[in-house]
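Common to both upcoming complexes is subunit A, partnered first by subunit B, then by subunit C.
And then the complex of A and B:
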């Protein structure tokens, strides 16, 4: 503790789990935007990651509200926000944004995309698996050209609806922080936009990591055209994201009046490692320069000079650094905004506990859980091209 | 209509019916009548047994104390703030006695120095202020008054006087630092009191060469403060001033 803080500011109310929540929703929105590149914008190179991106978004979306439930306590009451919707509360309306995104966007798109697979697997499988796949078809087993054509068209339309929905999902998270007028570290109309673009960056980087690691574990060759394209989009998204962040940062410092002194102390002291070292240098500048040099983002010649194996490793390293950087962004927003007193005369400290509902172990579990769910989803619904089942003649 | 649309329609219809049924079964009848809560909750809470007797119930038996308190600085503090909920005592005065807190930790819950409290509110540093002596030794909780008789300045500058009273300068009379001609009392806005206009004034006690008690903090007047007057950085009445 340093200087004067009010008694109710000594302990931070929004802890590590609230850092995790925007991080996870950002990954969901980013992964979905990546999927839409293949589906709506017809970027052929990233097609190998289309289904993987959708399943990644689903796995992380299932886990995204869990940190909130653990933080609030009484998860058994959570359904009440649906039963008695409070339209005046932005936080309460998140339940509906979440339900819309899960039920109407993600599950529907995955269902239309996988329906043919479900039907064919239900025919081939035996035992309980047969019934699981049949249940997943919802009884819709028509595989005629007309029906498959409808699936494709419906999937495309849902993706088009899904893009603004993904923007809404993560823009909302930024909206919550940006609308806290009393806090000069949060209050900014740019907040939803900055959150959104950092979400896109983190989502692309996550799918890139999962794609490269999963392909290596499966003993297959990484499709370098796909990896190059992902790295290129990651670079472009990072340029936009970095520019927006800098704009937000400069605007925040320029706009702040009496708060400028405490914000300077915050940046130079409490947030120096997480903001300057982790977020800006390691999480943004290093990957940005590496991708600019190695990936075909700026010039196709760049890729020729670096062997594919090395390029792959650099992409993986950059994507991991990006994850560190984006997590640091969430940390700096959520924790940073609570480290200085509303009196603007003092700073407090945050030390995450190890055990307990809001501890490091719990946060670690929430980071690992989506990967376990993703592993299960990949087992039931393989997203890889070689697992595609040819339509049998009796269909 | 495509088969998929029909099947999805059925699935969504089932979900919608389950949702409506859940709403019907789980949302309390009186929810939303008077706001975003169960209106009957007010009655449920009102049905809880009373814990507090209320100030009037105390005054019936403890009239002299109630009258004394009603004219004091604690007139706005209800008896049960310090003595705890007393409904049981009011019902059976002989058998249930409410507590009377006498330990030193109790009064500083309100009167311990805290930067977020109003600056005119009487506050002390419990560590430095007469340690080990119970507050009641000097202060009557039913008519609390500072043990020092207020000076003439305090009549108008009560807030500053209260603040100074718990600061490092508590023992200094106002006139040590301020020149206040008698005319100031008659026409306070026309004839203003003076305040130190040289650095050497504070240096009289705080300079390294000053002849003053050794516990007073010292500074090097030639290098410290960059030419500003001392009180431009160190507000001398403030308890937190270092």
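And then the complex of A and C:
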């Protein structure tokens, strides 16, 4: 402890689990927006990752509310958010935004996209798997051109609705923090926008990682046109994200409100490693420069010619660093916002515990869980192009 | 027979028919039922309205006045509150606490509140000369525009008709958003009940016509409690004859804890 903090501020109310919540939700929104690049904006190069991005979004969306739930003092009362929401509360809308995104956007889009596969697999499979696939078709087994055309059209429209929904999902998370006027570190109109762009950055980076690693494990060749395009989009998104963060930073510095002194102390002290080293240098500048040099973002063939194998490795390294950086952003917002006193006269400390509901192990489990779910999803619904089943003549 | 000197017609009084007890009681019963019925038909709302109008100035909105110059930093208020409201003893759960401000000649401001002021304050080692020192009792400001009430996702935190901000402990889901939203650090999270807690103005005591525990034990009457809307009580007097400040007015929370002689350095 340093300086004076209000006695009740000794304990940080929002811990590591609340850091995970915006991190995981951001990955969902980002992965979905990447998927929409292929679907709505017809970016052909990223098509190999379209389905993978959708499944990634679903896997992470399933897990996203769990840390919130685990963190509640009374998780058994959480349903009250649906039954008696306080309409003035930003947080009260969480359940509805989440349900909308899961039910109306993600599940529907995936279903329309995979319906043909489900039907064909149900025909081919034997035993219980046949029934599982049949159940997944929801009884809709029509594979006529008209039906498939409808699937495509519906999927396209859902993606169009999905893009603003993804913006809403994560912009809303930013609003939960940005609207707290009591906290000068959070209270910023830019917060939802910064959250959104950092979400896009993290989502693209995550799909890039999963795509490269999964392809290598499957013993296949990474489609470099796809990886290059992903890296390019990652670069662009990072430029916007970094600019917004700098804008926020410079704005605060220039206005120099009464909180500037304590916030400076916060950045120079408690948050130095997580903000300056991890978020800014390792999580942003290093990957930004690397991608700028290697990827075809700035010039058609990349500023420097680098062999595909090396480029792939650099992309992977950058994407991993970006994950570290984005996680640091969430940490710096959530934990950083509670490390200084609202009396603006002192700083406190946060020590994450190892065990317990809010401990490091639990947080680690919440990070691993989406990958396990994704693995299962990929098993049931392979997203890879070579698994595509040619449509047999209508039986 | 001559009329009596007072001129009253005693004679005619005797001409009245005597009323026997049974008739009298019967008439009385009819009247007691009839009058309210008649009144309810005949413009009772207006009658009540008049009543309300004459009491309009006395709408009950609770508030507290704190005179900084009177506070001696004894911390009895913080202790009384802990006893009265079953607040854990640990030094980081407080409904009310006392801060000591030392403003040094070199402009440095030193604030402390060891154990909320309950055990008193250690002697201050003077460095660089002291310009001003004073104690500031703090508590929930029972804001009219309470951010904690706004953010509670399920409405477990609410404002009563008489202006107290309370938490329904049976309803709170324990998300902690209110703790984050309070600019005054007045809320804490109960480690046993797993719900948000805060000062209630000792609402259970108010219901019995008593004042909050912190007000009752204050040896110097630095704290005053009463109806903000009332014109004739000690709080009204306090509000009329002092220059009043509230904490963090720029946040527009409209606190109902009013400070007299508050230093501009207090946050």
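Quick notes on this structure:
Following the convention adopted for this analysis, the second predicted complex is superposed on the first by the 380 of 395 C-alpha atoms of A that agree within 3 Å, B and C clash if a C-alpha of one lies under 4 Å from a C-alpha of the other, contacts with A are read in each partner's own complex, and residues count from 1 in each chain.
As a working rule, contacts are C-beta pairs under 8 Å (C-beta built on N, C-alpha and C of every residue); 3 or more make two chains touch, one makes a residue touch a chain.
What you are looking at is a predicted structure, and each value in this text was computed from that prediction instead of being measured.
Clashing of subunit B with subunit C is the outcome of superposition onto subunit A. By the touch criterion defined above, A:86 reaches both subunit B and subunit C. Applying the stated contact rule after C-alpha superposition, one finds that A:327 touches neither subunit B nor subunit C.
Residue contacts after overlaying the shared chain place A:182 against subunit C, while subunit B stays out of touching range. Of the two partner chains placed around the shared chain by superposition, subunit B is the only one that A:154 touches, whereas subunit C remains out of contact. Contact with neither subunit B nor subunit C is seen for A:195 once the two complexes are overlaid on the shared chain.
In the overlay built on the shared chain, the residue A:242 is in contact with neither subunit B nor subunit C. Ranking subunit B and subunit C by residues of subunit A touched puts C first.
Once the two complexes are laid over each other on the shared chain, residue contacts for A:6 go to subunit B and to subunit C alike. Of the two partner chains placed around the shared chain by superposition, subunit C is the only one that A:94 touches, whereas subunit B remains out of contact.
In the superposition on chain A, A:343 contacts both subunit B and subunit C. The interface of subunit A with subunit B overlaps its interface with subunit C at residues 4, 6-7, 80, 84, 86, 88, 343, 345. By the touch rule above, subunit A contacts subunit C in their complex via residues 3-11, 13-14, 68, 71-75, 77-78, 80-81, 84-86, 88-92, 94, 176, 180-183, 337-338, 341-345. Subunit A makes touch with subunit B in their complex at residues 4, 6-7, 79-80, 82-84, 86, 88, 103, 108, 111-112, 115, 138-142, 146-147, 150-151, 154, 343, 345. Those residues of subunit B that touch subunit A in the complex are listed here as 2-4, 6-8, 10-11, 15, 19, 22-23, 26-27, 31-32, 36, 114-116, 240. Residue ranges of subunit C in contact with subunit A, taken from their complex: 91-94, 97, 99, 109-113, 115-116, 138, 147, 149-155, 171-177, 179-189, 193-196, 251, 267.
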